[in-house]
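Working notes, structure below.
The chains carry the letters A, B and C, assigned in the order they are written, with residues numbered from 1 in each.
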Amino acid sequence: MPPLNPQPHSTAQELFAEMSRWPIFDPHTHIDPRRPAARQFDEILGYHYYTELAHSAGMPAELVAPDLDPSTRVHNLVSYLDRVDSTVQYAWLLEIVRTFHRWPHDRITPGNIGELLDRSDHEREGEAWDKEVWKTSRLEAVFLTNEFDDGLDGWDTAAYVPCLRTDDLVLKLHDPKTIARLRAASDVDVQDCASLRGAIGRLFERFVQRGARACAISLPPDFAPRRPSPRRAVTPIRKAIHALELRPDEIEDVRAVVFWMLAEFCAEFRLPFDLMIGPVRNVYPAGVAGGRDLFDRRVSLYEYRELFNHFANVTFPVSTLAPDAGAELVAYAWIFPNVLPLGHWWYANIPAFIATDLRARMQALPKVKLLGYYSDAYKLEFIAPKFNMYRRILADILAEEAIRGRGWSVEEALQLAKLILIDNPKRIFGGNQPS
Amino acid sequence: MPPLNPQPHSTAQELFAEMSRWPIFDPHTHIDPRRPAARQFDEILGYHYYTELAHSAGMPAELVAPDLDPSTRVHNLVSYLDRVDSTVQYAWLLEIVRTFHRWPHDRITPGNIGELLDRSDHEREGEAWDKEVWKTSRLEAVFLTNEFDDGLDGWDTAAYVPCLRTDDLVLKLHDPKTIARLRAASDVDVQDCASLRGAIGRLFERFVQRGARACAISLPPDFAPRRPSPRRAVTPIRKAIHALELRPDEIEDVRAVVFWMLAEFCAEFRLPFDLMIGPVRNVYPAGVAGGRDLFDRRVSLYEYRELFNHFANVTFPVSTLAPDAGAELVAYAWIFPNVLPLGHWWYANIPAFIATDLRARMQALPKVKLLGYYSDAYKLEFIAPKFNMYRRILADILAEEAIRGRGWSVEEALQLAKLILIDNPKRIFGGNQPS
Amino acid sequence: MPPLNPQPHSTAQELFAEMSRWPIFDPHTHIDPRRPAARQFDEILGYHYYTELAHSAGMPAELVAPDLDPSTRVHNLVSYLDRVDSTVQYAWLLEIVRTFHRWPHDRITPGNIGELLDRSDHEREGEAWDKEVWKTSRLEAVFLTNEFDDGLDGWDTAAYVPCLRTDDLVLKLHDPKTIARLRAASDVDVQDCASLRGAIGRLFERFVQRGARACAISLPPDFAPRRPSPRRAVTPIRKAIHALELRPDEIEDVRAVVFWMLAEFCAEFRLPFDLMIGPVRNVYPAGVAGGRDLFDRRVSLYEYRELFNHFANVTFPVSTLAPDAGAELVAYAWIFPNVLPLGHWWYANIPAFIATDLRARMQALPKVKLLGYYSDAYKLEFIAPKFNMYRRILADILAEEAIRGRGWSVEEALQLAKLILIDNPKRIFGGNQPS
């Protein structure tokens, strides 16, 4: 047993201090590259984490309705903030205002929100503010979530990296709007399986040409990928394309076909296929925007075995939504070379669950497969505080287990941290060059 | 990062010391208000936590049969206590005998049980002993579990607060005894859906008049609430009322109808509806009394979405039995304003599971929704030791996360503790006044 | 609250230091008693934990194909070791080479693997090496995993204790090879249910005569034991025995019949029946040998209720594979006297999951039912490092909870540790003497 380090917490602080100076490579966000930073405080406080928590704590959803004046929404919400000020989400908020708006107070209250609105008003600075937040946060690359018909024009795609989000293609192909959008985006007259494939191929071409580094999808708990029978799918696909009514089993066929096709294109274009498994949309329809989705915890990656086997040459970074599903992901990433645990998602993105999952991943998985963290942010300001939350947990685990438990040096611990936070994500999401 | 606190454990001890002086508001017990404290030791040692653990460790169930002499039961069980003396349940027992019976020894053994039986004999003191335990424990209010036909007479309902327990109505309506009891309790000649509703309405009226502050039910894992079709339910309800044989789907219809009716009355009478989700009764029929129930861990709150949506104005304090279901409850309480995590129940009521669940709840949920703890006790003596177990865990988490992690003061940490332990339960279970 | 112990970590080190001097009683391994220790390094590095992790990290499975030269396999694998050197599995490896091969370096690399191959070559020593590893590790008894037709000859069965592994009988009875093996092993002309029972009875007789102390089986997640109907099973059993095609429901009947029969013989011969619940075989067929199995986490012990009830006099040590199923096992072992949690298995055998499970078991279960740990090892060298991993976790929990939390002495904590690690396993697996 290695010599006792009497102060693991001061070691953890030393590790965190170093990590907090590192650049950030963020492989999944919902940033709008045309307006990445928050130019007014409503863009911060309007984040669904705050509106849904305030609503959960008693605020009527109407008080943050999208058609209200932004300043009104902020004033409405701020009077509920004291009900949620013990949460980690509130801690992100405090770190944001301290870091980016030099906020000198301990709290955000109805009494001082006027001062904060002034301090956080960066409309006049425009893009200069985006750059300042980028620089202060030491951002290196931020992945986007682009609809398949996004034009992908008008920004630096090396900084704001396109990702092809494909939920609508798989889950809503039978919606006439989807087909119309697909035809417009691909310039292909989609009529059947073959032309559907042609159109989706065009999307991949365009995304890869514009620097996309991943294809991504979120999948409900009742979705089970399976190798589709081409013959059997002909009719359902045609019915979906022509907006004819589909039986439930035909909807399943359509989903299976399109999903499998996406995986085939990921193989062809050498794109990682991010699987975000678990959400059920609109479980709570009366909730605030962005705060209506939940999950059914009874999921298993066992349903994905055929996919993982068949597409041995596709990398599948996987996030699971049900926190109790995290242990299973460790086992699947342990055995399947092409399955990697990706970050800590949404309802699983709180310190208690991150610590449990991260500890298990670090103990059981090849270090080259640890795909640290992503922010899932809508505005740049959130990236650093969320990464700092993760870095603190990582620092704690390294101080306890690696340095005290195994006798590693601080330098060795930091090397592993860098692999997890930066090197692995950069390599795995390194673009479609042969690796 | 806040300045390092070098001694989180001494901080935790300071926090606990303060909390241990607070009054206790206990929103769920099985106390008998007519004989709340244990006047002899068999009422302590006969708690199913001890009989089932001793039986699990090899004691034949007959040795604690209900028809045995109490002193014989105690003598029988005590010789198995050394097999379970490392458990947290045994730690409650030691705290009880030290606190209430000035027990000077480290253990309870066949050799000293005679002394303990003497010390713990409070038959002569009668109600004075109830009062002493009440005072020593600093009890403020203790919620009961009342059968729907409980007379609710003969005690101070401000101290011993009635709760309407409804398992029999939902799960055993087809049992002729249930209907007979319902007719007697409501004075309504129950014959069909309408008169059933009338009878249940009478129960709510009476309970609320007598100060009831919650309706409660425990539900098996295969129960999924759904909005019933009134027309379709007419025949099954009538068959149930008249003790005719029901098909399985008809039993489901009856359960759905009665459960939905209860939720409607909770809305009308502004009563929180405690949902205790998970147990399967009598999984181990050869077990000791109270030690025969278990669960199937494959449950999801997703089955409750229609209920939570439909009854937006009913507060649902929720306890789940499968410890691994705790993370899902955090997510549902995060999104649904009317869903609150209630305590730590039964098989989930051990420190390892409490700590995991509590940490996640404190990090992710509005602090005004944290419904700390309940004792589930059958005798007053258990309340303080169980709350102390919870308070120690709460103190540890606050010392680590709030004080060391976020730089809060001891005062701020204690304010949050008070909210969780006292203020929230008192407000949520504040009676049927408009809040 | 007991007086503060300021240094729980030095206490944990003291506890571990003591435990590391204790003998090891290992109730489940895959050791070959005819060649128990590794006489060359490929037998260490060829353990599926390393081949599967290296493969998961990018090594083609062909590089460790069984038909390659052992030294080639080692050289191939070693160049991938730096990708997995942060895992706990790698920590076992380092402890092995330091303990048994006096390895002076910090790492195992392509540059120094030649030196290690030399140091670890014990072919010439032969059985003397087995004895040295046995002695260095302080082994007392090591349980084997014997196929039902294993001859059980040629070794000291007090040291290498036979266990009857029964997967093939239950899950592959319809395979003609199984029947042929059964006839040969039992000398019974198996033709129907009665002769099947006779043959299996002969196996039990022989195993018990040769000192077997457990019957064991691993069961897939979709297996649910149920009391078979003898009449209904006649035809499926006969079809299975004569290699006729079985319908899926008939396969289920066969499995149910044979499994129940095994439990009956466990009752008759007073053998514990180890249930290892969860694995699905060959989920990843392209994996390395031993690295192809995974699980479906949606399992529940509720499916085993009929078994546990019916065979009240059979002891069922239970291991579950899905780490998130650990909490349910605590509850079932808490209630059923004949259900005991056995070790920490395979994907659940990493410190993060062990700590969670062990803490809960120690808090909630009778101490006499805590069946500590088993190594699952294929070579003797792995036993001590794996037990040391477990002992460190046990020492941490005892230092924190028992000594600091409850004020126990070091001596008391060590007594509990000894019960968990040695006394309980020896008693539970004490052979078929009446207990």
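Just so it is clear, contacts are C-beta pairs under 8 Å (C-beta built on N, C-alpha and C of every residue); 3 or more make two chains touch, one makes a residue touch a chain.
In this text, all values refer to a predicted model and were calculated from it rather than measured experimentally.
**Q** Keeping to the contact definition above, tell me which chains border both chain A and chain C.
**A** Correct list: B.
**Q** For the homomeric pair chain A and chain B, should the interface be classed as same or different, according to whether the shared residue numbers exceed half of all numbers used?
**A** Comparing the two copies, chain A and chain B contact each other through largely different residue numbers, since under half are shared.
**Q** I'd like to verify one number: the distance from the centre of chain A to the centre of chain B, where each centre is the average of its C-alpha atoms, in whole angstrom.
**A** 39
**Q** For chain B, jot down the residues that touch at least 2 other chains.
**A** Residues 298, 324, 356.
**Q** Okay, in this complex, where on chain A does chain B touch?
**A** 9-10, 13, 16-17, 52-58, 83-89, 91, 280, 283-287, 291-298, 322-324, 347-348, 350-353, 356, 392
**Q** Residues of chain C touching chain B in their complex?
**A** Residue list for chain C touching chain B: 1, 4, 298, 300-302, 305, 308-309, 312, 324-325, 327-328, 330-337, 356, 359-360, 362-369, 401-402, 404-406, 416.
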